[in-house]
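Reading through the structure tokens given below for one structure.
Letters A, B, C and D name the chains as they come in the text, with residue numbers starting at 1 for each one.
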């Protein structure tokens, strides 16, 4: 799988690379659809590439690196839900359409019980997936009201929905809810790792170029050591990501990963702005884009407080009753 | 008061200074008794110097700086209790004896409900003060069993006591318990500030002397910046200490001060050992003495977890019911 | 001295009463930077009239001649009343005043000081794109041509320069010898031909700073402060004009704004979350320590016992507490804090947590970055050796 | 390949069964360092006999010829079984072996390698009081006098040198030219006249390291490794002999020891303290990340894709996690953790929290300090410029 992982990363980076940081949303969406990457982890029988969770992580690292705007995280999670739902009407057509880029909205807001808040690009989607622990449903979007976030790379909406079609209940719903949450956590973690890498690279490049007191900033040992510590943190987050990117990682393991990865991203992005000095505080320089995406990632899908606490409760509980 | 504060610090430092770090316990005890400093804050009518809490802090900073062994913190707290107790038998004689250096033990162990654990130099004391929120009593020490701590500058004992004489109950006991806890917290904070200052000074001196890669370590900017951050932290702790060293600071204010001061001490001592490199890991070098005293200070009298939580509860409570 | 006759207590009582009556309650509602600036102008005029705007000026000025202790009372009360900060007039009343007062000619003083009280605003033209923390690297050129200097170059991070009438300008008149020796100091009319100002769009949406482009701007020789080549020394007067009052005021304001965190804890149902409580309790102590440091710093200034490095300690302690304050708010705010909300101009502790977080960089980067302050503390306070001058790379 | 026939699975199964039968259960009970060393000798002998002691040696040695993947399995299982770490024999089987194997003469190999398997122990004589992280600054002098070198100087931080039979010694044979070029490498008999060893009393009470004083020690020329002046190159072979296995093993052991923190939380009645839970949960992820880093590092070594700096990242990530682990234990242990308790030799995660805390410095300071690792990462991995050579002070 390591080969596929690296190949996917390279391919994604090359494809996205030419468009630079935060490329056009419509074009990059189209590109991902054309490559078939929304269906990366979907079974081959459903028209996907059948590559599993690790491939999802590989692509999201690169989307995070390039600050690709849009709803890819929600879309890939939604497709996993669609493929797993037992009672999905027009199953094949819907899945094929979603893989081809027809948007299906899905809430990323952890505090949302309605499933209708924190929808990315909901104005471009016809339907929204409502994913609750005991009930998975699909509903038409009636209205999407923009609610801008600080993160300029994600257009968030609050929605209202028409009559819902239930596509899973009971044990099946629980399993799908678990799967959706795990995929979401993995994607957010990967996005964080990629973003942290890119923000760090940007800071290092800046330090090598920028001169003060007659030498490049990169020669100042105090800055070198801070950057080295950031490098260690990013490497640790990435290593943990790969160790949990298989489909067998549990919910709390992925939650703890997400806590570590997004905390690392916030730290790196915060330091990256500081290392950039004044220029980092201007909207013209892209450094702040990482900062804002990092903090949104930290809040989406449950924050570090939530997941580290749950991970600890699972570790303390006797194995039989452990939080999965 | 600032003048008295600085004078007291200078006087203490000069007096202790000749004996170096961690001076002989018996001699320094005698010195403090001769100077009358156990009675610094005791009313003049009781044979004390009537200087109040700020003077106590000034002396404990210096005792902390020099890692003076012994029970000075307990003793000065005990004298405050004796002076305030309404029903103390042989009142004048007992207070005079305590000011003159006759030891009165008093527990520093926050988890101890008996008042008989965490007694410093209890083998040298005849009596122990049992300070509970609703009852203050004095009892003869029947047995003192040494229980060595990692901190080599404090000899801790578990005790057993004979029949207790109650010297305060009810509202009076509550007030005395509050006073004793506040004095204890202030003294531990001051000891921490003094110790942190000394550990930092020691590290800076070492960096100026020690050479690696053909230059003094003090020239390495990464180390400079770490030391500067420690200096800021110590200065902040000291400033907070003085702002709360008056007698009017509340219990939770002093608790939060103690949390900040001892956390700072632990951090500085931890870094001081690291900055000393290998030599800091040898028992021959005194750096570790600060580390061990710092951690014991952090645990005595209630730790940072305890006091920061209480401070927050007080801040959140409506003023009328606020934790004092 | 009883509380009723202590002059400081009197001042405090009078000012408190005055603020209760005159403090604008709606200053946070400015929807645009322009509206904020207008409210700043009105507030400054009101303070001038009441005699509280320039307590640090000499006694011959109405409202001047106040001791540092009195100035401290004034800023304490402004913070306590949650009155608007004096941002727009800050460079005028502190930097421009100190520069003119200490280094300006009698003629320059007469020409400009009264205008400041009438509301003329100044900006500072020191920083440049290639010279942030390293002021000696200023490259803006001023060339003497008869009775004028012709100036070309670019300045950056100039606070509210887009609204300024005049500029304290540092420019290079010579490239010979030590870098510092080639600098000269000017008073520049911002309306002069060749001056272009472009506001800087900050990451949180504010436009508190601007860039200034200078294209053959002619400055009369009479607008030079000090002699040619004295610029470095004059700039020191400018930079040392305000020391400590602002940080004390900001510390006090942050202390008051701890209530915002408390509200967030209560609103989020986390009043029994031991971890959150501890972080809040520790932050409270950290903020109180900053206030105590700032008080102590002012006391040492009054007593004349200030040490080199003291100011750096206060600044870094404040900036770190400010960052921690905003970070805790962002954390507790959860997803709500990630939705964009209109910013509050002139408030570092607005409760708009992401905006506050980003605003806090103004104190870790601007006005001498944290990194520069650490060097000062290590080298000039703790006596760690400076890197030899020869350690430069061409 | 099925699990039953995969050679790695077979090795794992066999070793696990063997460990269940032979792992000493009482190794933590050693009351003195001497008793610990005795138990180490016995454990090493048992492993030699079973063929698990020297998996990295060539196949002609019994138990040798194992792939890196097999070595990984062995250390994973040793950690999993909570078997004693191989401390006393570490320098012998890794450093001494690698040095002799790569740079020693055939005669030297024949003379010393068999002894290692019989339990002869070696120590490393590199560090000096004036040369910690800066090995090129070695000052111990070796002077050629006929058939011997006469050596004078002092070594420090030599692991268990007080029990060693022989020493890998780096000494200066010339002060001319580049510092590195003047070093020569020797195999020294620790019983030779003039060798004095003094254990270092560590702050937590261990005596894992010693100082070695060399007073006119005569070392035969035949005990020189490589040519005169080749010492620096030979030392690189010594230092690169073990990369990654130890940190993987230690990471796994720390992961297993997270239970000690869990016990502390439960015993302290803090199972519903959200703050403590979060810190424990975050620590768990941090430790898992260290294990993942170590695994990844070993995989990259197997694949031949190791990058410069990778080892530094693993080491610093481990050492910081170890400190955090011990610090959380100290915090949760409260006053109980402040009472001294007998230390457990050879265990970095003993649950004797203050001892573990102090022991953790062995990883932030020894074997190339954290600070040196940061330089390596910044300069050799991230390509930030090294300080020019000229930037030294005499």
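Following the convention adopted for this analysis, contacts are C-beta pairs under 8 Å (C-beta built on N, C-alpha and C of every residue); 3 or more make two chains touch, one makes a residue touch a chain.
These figures come from a predicted structure and were not determined experimentally.
> Let me spell it out: compute each chain's centre from its C-alpha atoms, then which one is farthest from subunit D's centre?
Relative to subunit D, the chain with the farthest C-alpha centre is C.
> More C-beta contacts across A-D or across A-C?
A-D
> Let me have the rounded angstrom distance from the C-alpha centre of subunit C over to the C-alpha centre of subunit D, please.
Here the centre of subunit D sits 53 Å away from the centre of subunit C.
> Could you grab the centroid distance between subunit A and subunit C? Build each centroid from C-alpha atoms only and quote it in angstrom.
One centre to the other, that is 40 Å.
> Please set out, as single numbers or ranges, the residues of subunit C touching at least two other chains.
274-279, 371, 374, 391, 393
> Would you please write down the residue numbers of subunit B that are in contact with two or more other chains?
216, 219-222, 224-225, 305
> Under the touch definition given earlier, write down the residues of subunit B that touch subunit A in their complex.
Contact set of subunit B toward subunit A: 220-222, 224-225.
> So in the complex, which bits of subunit D are touching subunit C?
The contact residues of subunit D facing subunit C are 273-279, 388, 391, 393.
> Could you list, by residue number, the parts of subunit D that touch subunit B in their complex?
So the residues of subunit D touching subunit B come out as 127, 130, 132-134, 137, 156-157, 200-203, 275-276, 330-331, 334-335, 337-340, 354, 357-358, 361-362, 364-366, 369-371, 374, 391-394.
> Can you list the residues on subunit B that touch subunit D in the complex?
109-111, 118, 147-151, 156, 211-216, 219-220, 222-223, 273-274, 277-278, 280-284, 288, 291-292, 295-296, 299-300, 303, 305
> Quick check: in the complex, which residue numbers of subunit D touch subunit A?
258, 262, 265-266, 271, 274, 276-282, 284-286, 288-293, 295-296, 313, 316-317, 320, 371, 373-375, 377-379, 381-385, 387
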